[in-house]
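Two complexes are shown next, each including chain A; its partner changes from chain B in the first to chain C in the second.
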Partner chain A sequence: MFGQILYTQVKWSRTAVAILSIVTFATPALFWRMVHEGFFGQNSAMEVMNGFEALGPMLVAFAVFAGLLLVAQPWAVDSAARHVYPLALPLPWRKYVAMRFGAGALLLVIPAITLWLGSLLVLALIEIPATLRGYPGTLALRYLLGSLLAYSAVFALQYLSGRRAAHLLLGILIGLVVVALAAEFSGNTALLYSVVNRLIHWPGPLAVFGDSWMLIDV
Partner chain B sequence: MTDVIRIRDLAWRAGREFAIRELAMTVPTGAIYGFLGPNGSGKTTTIRLMLGMLPAEDGTIEVLGHSVPRYAHRALERIGYVPERLHLYQGLTVDESIRFHRAFYKDFDDAEAERLRKRFALREDQLVQRLSKGEAGKLMMLLALSQRAELLVLDEPTDGLDPVIRREVLGALVEYVDSRKATVFISSHLVHEQERICDWVGVMDGGRLIAELPMQEFRSGIKRLRVSQAPPVGDATPFALLSRESLNAQHEEWVVRGWQPEMREWFQRAGADVREIQDLDLEESFVELLRGARTPSTTEIR
Partner chain C sequence: MSDRSALLGLLFAVAATATRAQSVDELRAELQRAESRLGIAVARQAQLRETRLFGSDAGLRSGGRRVRYRTADLSPRDSAALSRGLELGVTRLREWYGDAGASLADTASLGVTSERRGAFRPLVIFSIASPNFTRVRLSRPVDEEEVARFVIHEAGDRLSARTPTLRRFAGYSAMLPGPREDAEIARRLATSWAAAGRRCAAGAIGACATVAEPIGPDSPLDLYFEPSDFRAVVASANRPAIADSVFYASRRRCLAGADTACARLVRILDPADPIGDHIRGSILTHALALGGRDGIARLLAARDTVPLAALARAAGTSEDALLSSWHTKIYAAVRRGPFDLVVPFLTTFGWAALLLAVATRRRYL
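For the complex of A and B:
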């Protein structure tokens, strides 16, 4: 059963996953190429650090996009037929949802692997000052966790019933508005920063996005 | 187990517009049960409730001995379902659709699927999204029949198909029922089609099951009478009056259900006479049943 669910996921998402994989493979090298004239030559530690500074936020964006995309495609196919086919299959809905989740999550591994390979390639091509180290595995793992987090959050919202998902979204929105209004009226923006910090730093739910997404670091 | 489907006191509501109320239905094992009703009467909703796709507000549903929706997945292992609209994944080919479907049914018959694919002239590499309506209907029927299901639930399976394809699809269905002795629950508003193949009939209107009876009774038990000196109708009538219409000062036309020849005596005792008795065909019977159910003065037929 899972094999067939995975097969459909591959059919729907293969183009997107292929493009994402090429992009994550090429991004570290292209990034370095854009900042510098070429791959070879001596670079100071500061030059190398600055060169890769903006790579992290870009990869965060790719990770979130990948997560959203892999939920949107199967959901669009199922909802076009009002979910009649999965509901008519002889398995509990939660089992179908678990398999659908697993199939999408498995495909998210591919762009993470190509990111790792692309990062290894760049590290092989450039000379890193002795004070710095490359973290291709950590970066790829962060990318994978980031895309899985985005995927899981959107998947949970989509595959909950519409009303519950709407209530959940409304609750989150109201919470954010209340915090923003409280910060505005009290003049105490520390409250807003505190909320954001709690979200993006460990043990906050979005901690993976708050970590350092550096390919080369001290 | 003598009944494949047992529904009691079923209630479901969609806003203020539509509701299913106190629905009770029984489909005996081995029956070919025609589920008739005009468009929008609640046939598809009832089927979705029956298969656990919609949660009921009240009542009990038992299909193949399993309580639905809780154990719907167990019942679905033994049910072949053809919905009113194409539900298969559009991006797959015919062959991929068969392989996908097969993975979920342990009794899936590969040889039968291949035989039906050839019989229905479906190419393996045809994309589902490029299938015509008739081809899509044939593919859905192929999948349902290849499951070796004990119960087939078919929601308007021939609606919109041309006569040639309709005959092919119904032919395959009749063959299947003959060979496997399966129970069939077939929803349609095509009354004549049901008349040819069904041995039980349930009639749905406005979210209510207004009649459930053997086809033979449905076919022969509804009559149009020409009555002279028509008497008032009380509780003691031996038949169900579906409608009455005045023709002139002396004559009325009555449509009754459950008619037997000896019931003429009831009219004679009341000082009236039955001048003419007409048989109704199935479509006329169906229309009269609906008319009777929608007229407040007539009794509900069960």
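For the complex of A and C:
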């Protein structure tokens, strides 16, 4: 049965996964080219670090987007057919939801693998100074964990609130922006920073996003 | 005598008195006089700042320390947090560096000031400052951890001010140990534009000893830099006060990649410090940590003129052993092991399982 659900998941979200995979594969090389003229030639340690400075935050955004996309697409297809497919299956709802979750989570591995391959490629093209090292595997694993966490959160929101999920997500985002602006305008940022710090550092739920997402480090 | 002859005579007389030759001793004496005048001016400036800073109408005392602020600026809750922050800073100093460490902050006079910024969105920025004008922005509501960090930072500044050999060993990391600061220092060393800094990062203790000495006009450049570093040296060097178009043309050629122009300019420019005071501050912190509770007392009593010798005395070890253990410590903060991802891995899977359990609890279509 899991095979069937995985098949539908692949069928419904293959385009999104393919685009995400191409993007994550190309991103490390694109970042390098945006800062430097070419891949060959000697670069100082500082120049090498600068080449990938913004890669981490960008990959965090991709990871969150991947999680969002892999929940929203299958739900939208299911919803368009008024959920006849899951309700027609000889499965309790709880088991169906778990299998749907597993199928989506499995597909998250593909962009992570292409990110790893893209990182290996760019590390093979450029010369890294002796004081620095490349961490393609660690970066890809962090990306996978980040996308899994985002996927789980959006999945829970979607399957708990159904069609209202998009409005709820938008409401949460607007609420966060309003709180951040209010704290900044009133000069009371300490509490906000404290909450964010607790969330993004262990044992906070978003600790994986607070770690260092660096392709090249000491 | 014609007017022309009189004018010429006057000119010769002025030239003879104005361009008299000056010996090295005379120039040195003049320099000393100028430095003394500068010292007086700086002291007067500090006095004026203190008057401005501490002319506020309210304040609190905590031990020998006092903090001044305007009553309108801080609520009673903020004032209490400020007091707790002061105590916390001194308690940490005592815990880490003994009574000698705490005494560095004992007579600190601090001030909380406010300034309005921005016309479109007036924002009141609160800062905590000391008379020597170390100043950091203060969040609202006042965070006692932030105040404690400021007190420790200020103590580091006071310590390096009391030991002239260590004047260049301050910065934000002085006396404030922590893995996050260590990791930052490790990265800065590894990406240093001085070859000595990078060699130090790679584990060459001799190179660490080189960069621990602040670079000066008489320092041999070859010890610090390699020819491949010259472009970065020229880019970051202090530009001469008076420079002609030939200099700027040469500088442009160097920055465009002409190595010969860089090699020529490096010899005439005053290179900027390749590693900065905060990295040295971290060696100071480590030496004090090794020296235990008597470390600061030993440091204050040391009469060494070489900074590393003074630090080794405070640490109670040799210079090489001090640098070697410092290097090990800062790189331990960034070195990654195979199990580094185990905790995020388990945490993420735990949260994912929890969220899945929540999602399966309700059937909402």
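One rule holds for everything that comes next: the second predicted complex is superposed on the first by the 190 of 218 C-alpha atoms of A that agree within 3 Å, B and C clash if a C-alpha of one lies under 4 Å from a C-alpha of the other, contacts with A are read in each partner's own complex, and residues count from 1 in each chain.
Everything that follows uses one rule, which is that a residue touches a chain if its C-beta (ideal position, glycine included) is under 8 Å from a C-beta of that chain, and two chains touch if they have at least 3 such contacts.
Fair warning: this is a prediction, and the values are worked out from it, not measured in the lab.
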item	value
Superposed partners chain B and chain C on chain A - clash or fit	fit
Which superposed partner A:62 touches (first chain B, second chain C, both, neither)	neither
Greater chain A contact set [chain C / chain B]	C
A:25 touches, of chain B and chain C: first, second, both or neither?	neither
First, second, both or neither for A:131, with chain B first and chain C second	second
A:194 touches, of chain B and chain C: first, second, both or neither?	second
Partner chain in contact with A:84 - chain B first, chain C second, else both or neither	first
Which of chain B and chain C A:4 touches, first, second, both or neither	first
Which of chain B and chain C A:12 touches, first, second, both or neither	first
Chain C versus chain B - closest C-alpha approach in the superposed model, Å	9
Residues of chain A that lie at the interface with chain B and also at the interface with chain C	87
Contact set on chain A toward chain B in their complex	1, 3-4, 7-8, 11-12, 77, 80-81, 84-85, 87-92
Chain A-facing residues of chain B, complex	51-53, 73-74, 76-77, 79, 81, 83, 85-92, 96, 99-100, 103-105
Chain A residues touching chain C - in the complex, by the definition given at the top	42, 44-46, 49, 83, 87, 93-94, 97-98, 101, 105, 129-132, 135, 138, 141-142, 145, 148-149, 151-153, 155-156, 158-162, 185-191, 193-194, 202-203, 205, 207-208, 211, 217-218
Touching residues on chain C, where the partner in the complex is chain A	121, 123-126, 139-143, 146, 183, 186-187, 189-193, 198, 201-202, 228-229, 232, 331, 334, 336, 340-341, 343-345, 347-349, 351-352, 355-356, 358-365
